[in-house]
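I've put the structures underneath this note.
Okay, so chain A shows up in both of these, paired with chain B first and chain C after.
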Partner chain A sequence: MTEEKLILKEDLLRICDDVIKKGDTLLAPGKSEYVIVKDVSEIKLDPEALPTKISFKSYVFPKSEPVLYYKRSKNDVTLIDADVNGRKIVVLGAKPCDTGSIDIMKDLFNWDYRDEFFNLRAKHFIMIGMMCKTHDEYCFCTSVGCSPVSENGSDLFLIPLSDKEFALRIVTEKGREFIEPYFRFLCDADTKRTEEVLSAAKNPETAFDPDEVHEWLGRNFESPKWDGIGEVCLSCAQCAFACPVCHCFDIVDEDYSYSEGRRMKNWDGCQFGHFTLHASGHNPRDIQSKRYRQRINHKFRYYVDKFGKILCTGCGRCSRGCPVSIDIKEIVSNCKD
Partner chain B sequence: MNNIYLPHLAEIKQIIEESPDTRTFRLAFRDRDTADRFTFNAGQFAEYSAFGDGESTFCIASSPTNREFIECSFKVYGKVTQSLQRLNTGDTIGIRGPYGNWFPLKELKGRNLLFIAGGIGMAPVRCVIENVLDWRDDYGSLTIIYGARSVNDIIYKDKVKEWKSRSDVKTVITVDPGGETSSWDGEVGFVPAVVEKTKPSSENTSVIMCGPPVMIKFTMPVLEKIGFSGSDIYTTLENRMKCGLGKCGRCNIGNVYVCKDGPVFTYEQIRNLPQEF
Partner chain C sequence: MDELRRFARELLLKKEVAAVIGYEQVGEARTRPVVITDPDECRRLVLNEYCLNNLVVYLNRARIKALARSKEGIRKLAVVAKPCDIRSIVALIQENQIRRENLMILSMNCHGVVRDFGCEFNGDNLAAKCISCNTQSSTYADKSFGEVREIPKFTGKLEYDLSEIEQLPPSKRMEFFREQFDKCIKCYACRAVCPLCYCQRCITDKTIPRWIESSSHSRGNFAWNIVRALHLSGRCTGCGECERACPMDIPLSLLNRKMAMKSKELFGYESGKSTDNPTLVGSYDQKDSDELFM
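Coming up: the complex of A and B.
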């Protein structure tokens, strides 16, 4: 059973100040992305802000990270293992459409082979989620099993009761361990008041039923609907980079001198034509419509079949940032006969 | 930290020029422990590194019964294979693997086997042939049909000679029309036509077939006409891969990851996949 406490904003900021002073990383939503907080005065904790342009994904799965270093000398090669700095990262005020993202990606990075680059970072995350009190025309968290009040993925969850007070829910053991040294700041909760705030949440309207979409996709690998989208999409992959759960990557060698270099794991995107291009010139997803079909199928069908989870949190970032106004909510809502 | 992207290092012991554009590396692991621990099954693949240019995916072309060395064969095509081509005997490359599934050779014991290979598709097929020849008594009749573009393009020439000399293997080698030389004593014609002409029996027989998509496309109807069912025909799918570990997201066909659920599939399985490969 989740335990609930009351905390004043000023006390919450005191805890944050302590996190920074200890040398841990404190991340909070900034103007367009999650930023490392240097001073607590930068913290806004605004439940009415829309999701940032990109999530905190790069802190658990960096845009570009070395997986090994190599040195060539005459015939020989020496390899040096890349190290992961598994520092504690406290995320403050993450939206419910972001908090669950690590759990969604975790399955992919751990089926059979375990990607410890991801795991070591994920292990050190303390997620302090916060109820969301806004949405725009692109939001659809309620259509993919999430909601503005979802505690999914949060270790601690904040419910803003006023400008000055929050209800604080202790969701996981990890969250409890984090907050225990600060118990002196916590007071008894007024759960009735919390419930009132929660029930006043502004849910975005449900746009589609993911089970129906899954079923439709199974029957419509070939559909003229894909051709239409393919003609509009620019294949810029903005959608993949903005997505909190898109995880496809490339592995590339980068020489930085004649004899030394590093092997990098870089974000990649299924909307790029070269993503699946064979050396022979053959390309299984040679046209944009096939690539967009892959994107939607991967999110709403393949990932569900493999891991039982939808590869989407409904944050709407891909649509909000799309240069040609492709709205994923609209497209998926149209995945029906 | 266990780094799944870290390759083993191996020395190129020998380079065999198979044809003008295909070469084979005979490789030995630098580390004795790795050499002892590295085991695989016929059909599995690995990621080979040319440090500085990246990794490329090929099957392991030597037999798993060979514990002395492993071999890979590649056609020079893209950035990494060009880089590999520049390496010499004694140089070091990286190997990650073995990955993926394999041909069910243990389950196929007692059956007759028909091997059909075209071009560089001979590499995975050779691995199976050598494996089967090492377990010769466990199988019935063996037939090999191998097609290359020209006499010059035939790879594993020594192996082919050895198979042809064996009385317990039927070996048919063909080259595309125009690819023959004046002294060529094999068949001339495309693989589907040669299969039709050879008329292998489908009775208690499984097919192991690898080659270019166009060869597979036109050989399938011939095999079906002879009486083979889709579940008796095994082939491999190749897709662009980076990780080989089911993570990087590009080799999937529908919800099937070629690197994990493949590369070996029966023709029946392939027929049920979305047609996106």
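Coming up: the complex of A and C.
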């Protein structure tokens, strides 16, 4: 059950200060990425900021991390476990299109193999989401079951009532545990005002119906529509790496010397030409149109079939940042006859 | 703009070119590359301050090259290019990647572009490369469109000043670049947008042996960014697309510009200036400075 309180911004910052002093990591949206806050004066808490260029994904699923170390001797190989860093990370003011991202990826990382690295980090996340009061032409959270007021994935949720006050909703048990020591800072809620603010949310217009897209994709694997996109897309991984829920990775061994090395888990992107390149030289996704088709199908069909979730939060990052201005909202909206 | 549309349409109707690579408007302050083969689609073409992409990158793409191939032989490709983009064409011709006779260059008479999509076009938001531009129209193109107007005077502030960074002691400079490169996520957008990064298989993708670690840790990032800068030395024409594409806001142009300055200072060479010269890295003169020999 969600409980609502009221908190002054200055008190919220006091809590943040305490988090930093305790040595926990405090993350907040910065200029182009989520940054580790060193001093509370850096905190902006701007509900009118657009999503950062890349999400906080790297804090739960690092762009590059060792999963084990190895030592070779004459007749033997010794494996040494990598240390998983499971320190507490508090994300402050995460956008509703980001807060749900960990839950979406969790299914993949616990599918046939439980990824300890991801799980341990995810367990130590405290997500303080914040209502979003803006959107641009690339946003489409409302088309994928999210919204500017969605508490999904948040442990605590902030609703800015004015420059100085927030309604604070305690969404999960984890959120309650986090905030309990600071209960002295919380006042009684003014739920009427909160409701007013929430109902004034500026929802981006819905652009498509995900069920219809799902159905269309099933029938249109060979649609000529994919060709046009394939001509313009330059096959980089900006879209995948900026995305809060894209989760593909590559496993590579890095030798330091003949006898020692480590095994790394690195971000990978399905738009790279060599992503599906087989050792034989055959590449089932040899051209860009097939790769882009994969991107859309994975997000709006395969993931839905497998885990019942859309692999997209509608944040629009991939479109905003695309060097050749390919717009996922436009493409998915065109997934119809 | 209408003139360009008419001209491009004629080219396609008369089958003089296989395709027209140009810009289409998407939203108020953004354009997108578009590859047109249907003459009627030429009405989508635009020319304005939001034509940021360097479309020359497409000329070397397998899919686009395939469009030009027909039973009768190779047909021309038409490409819309800003005068600064044309330097990339010249560089590609010098490097035997494309042939002038297979191209129809449709140039735009340029008065500057914005630094990024979504900004209003004014002195504050002028792209850095346009500040000192002296090639607003091209004589190398087959045809130019639009009028030459004055470039707005730059009134913005550049985030990094190359001369300031040059002044730093080596250790500080190293620290600066290491910090910047640490941000890299290896999305390779910088490589993808670069018309001169055309290797079929980039050295970073080679696995046996692995020259550049694919991991995006300090060492891997450093190796990648330095290799990128070195492989473009004496080749980069300064279109600035890598820096614009970088999602992590790494000032990639700083190294590119420094290397271009060095090429000019040591060898009097400017990339993309003339197809009459051999390339800098592909030629040797006994009078060449040995300062860069390792």
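Basically, the second predicted complex is superposed on the first by the 336 of 337 C-alpha atoms of A that agree within 3 Å, B and C clash if a C-alpha of one lies under 4 Å from a C-alpha of the other, contacts with A are read in each partner's own complex, and residues count from 1 in each chain.
Here, a contact is a pair of C-beta atoms (placed from the backbone, for glycine too) under 8 Å apart; a residue touches a chain by one contact, two chains touch by 3 or more.
Remember, predicted model here, so these are calculated numbers, not experimental data.
Asks: Superpose on chain A as described above, then tell me if chain B and chain C fit or clash.
Replies: fit
Asks: Identify the partner contact of A:171: answer first if only chain B is touched, second if only chain C is, both if each is, neither if none is.
Replies: Neither partner.
Asks: State whether A:306 touches chain B only (first), chain C only (second), both chains, or neither.
Replies: Touch status of A:306: first partner only.
Asks: Between chain B and chain C, whom does A:285 touch in the aligned arrangement: first, second, both, or neither?
Replies: Touch status of A:285: first partner only.
Asks: Of the partners chain B and chain C, which touch A:127 in the superposed model: first, second, both, neither?
Replies: Neither: A:127 stays clear of chain B and chain C.
Asks: Does chain A have more residues touched by chain B or by chain C?
Replies: Of chain B and chain C, B contacts more residues of chain A.
Asks: Based on the superposed arrangement, let me know which partner A:115 touches: chain B (first), chain C (second), both, or neither?
Replies: In the superposition, A:115 touches chain B alone.
Asks: Looking at the overlay, does A:237 come into contact with chain B only (first), chain C only (second), both, or neither?
Replies: A:237 sits against chain C, while chain B stays out of touch.
Asks: Just checking: does A:89 make contact with chain B only, chain C only, both, or neither of them? Give me first, second, both or neither.
Replies: neither
Asks: With the two complexes superposed on chain A, say which partner A:267 touches: chain B (first), chain C (second), both, or neither.
Replies: second
Asks: Have a look at where A:77 lands relative to chain B and chain C in the superposition and call it first, second, both or neither.
Replies: A:77: touches chain B, not chain C.
Asks: If you've got the overlay open, could you tell me the nearest Cα approach between chain B and chain C in whole angstrom?
Replies: 5
Asks: Considering only the contact definition stated at the top, list the common interface residues of chain A for chain B and chain C.
Replies: 250, 252
Asks: Quick check: in the complex, which residue numbers of chain B touch chain A?
Replies: Residues in contact with chain A: 1-7, 9, 11, 49, 51-56, 77-79, 81, 90-94, 213, 238-240, 242-243, 245-255, 260, 274, 276-277.
Asks: In the complex, go through chain C and note every residue touching chain A.
Replies: 26-27, 30-35, 53, 57, 63-64, 117, 185-189, 191-193, 205, 210, 213-217, 220, 241, 244-245, 247-249
Asks: In the complex, go through chain A and note every residue touching chain C.
Replies: 31-33, 53-54, 58, 63-64, 137, 228, 230-232, 234-238, 240-242, 250, 252, 254, 264, 266-267, 269, 272, 274, 287-288, 321, 323-327, 330
Asks: How about chain A: which of its residues touch chain B in the complex?
Replies: Of all residues in chain A, those touching chain B are 67-68, 70, 72, 75-77, 79, 81-84, 108-109, 111-117, 120, 221, 247-253, 255, 261, 263, 265, 268, 270, 275-280, 282, 284-285, 290, 294, 297-298, 301-302, 305-306.
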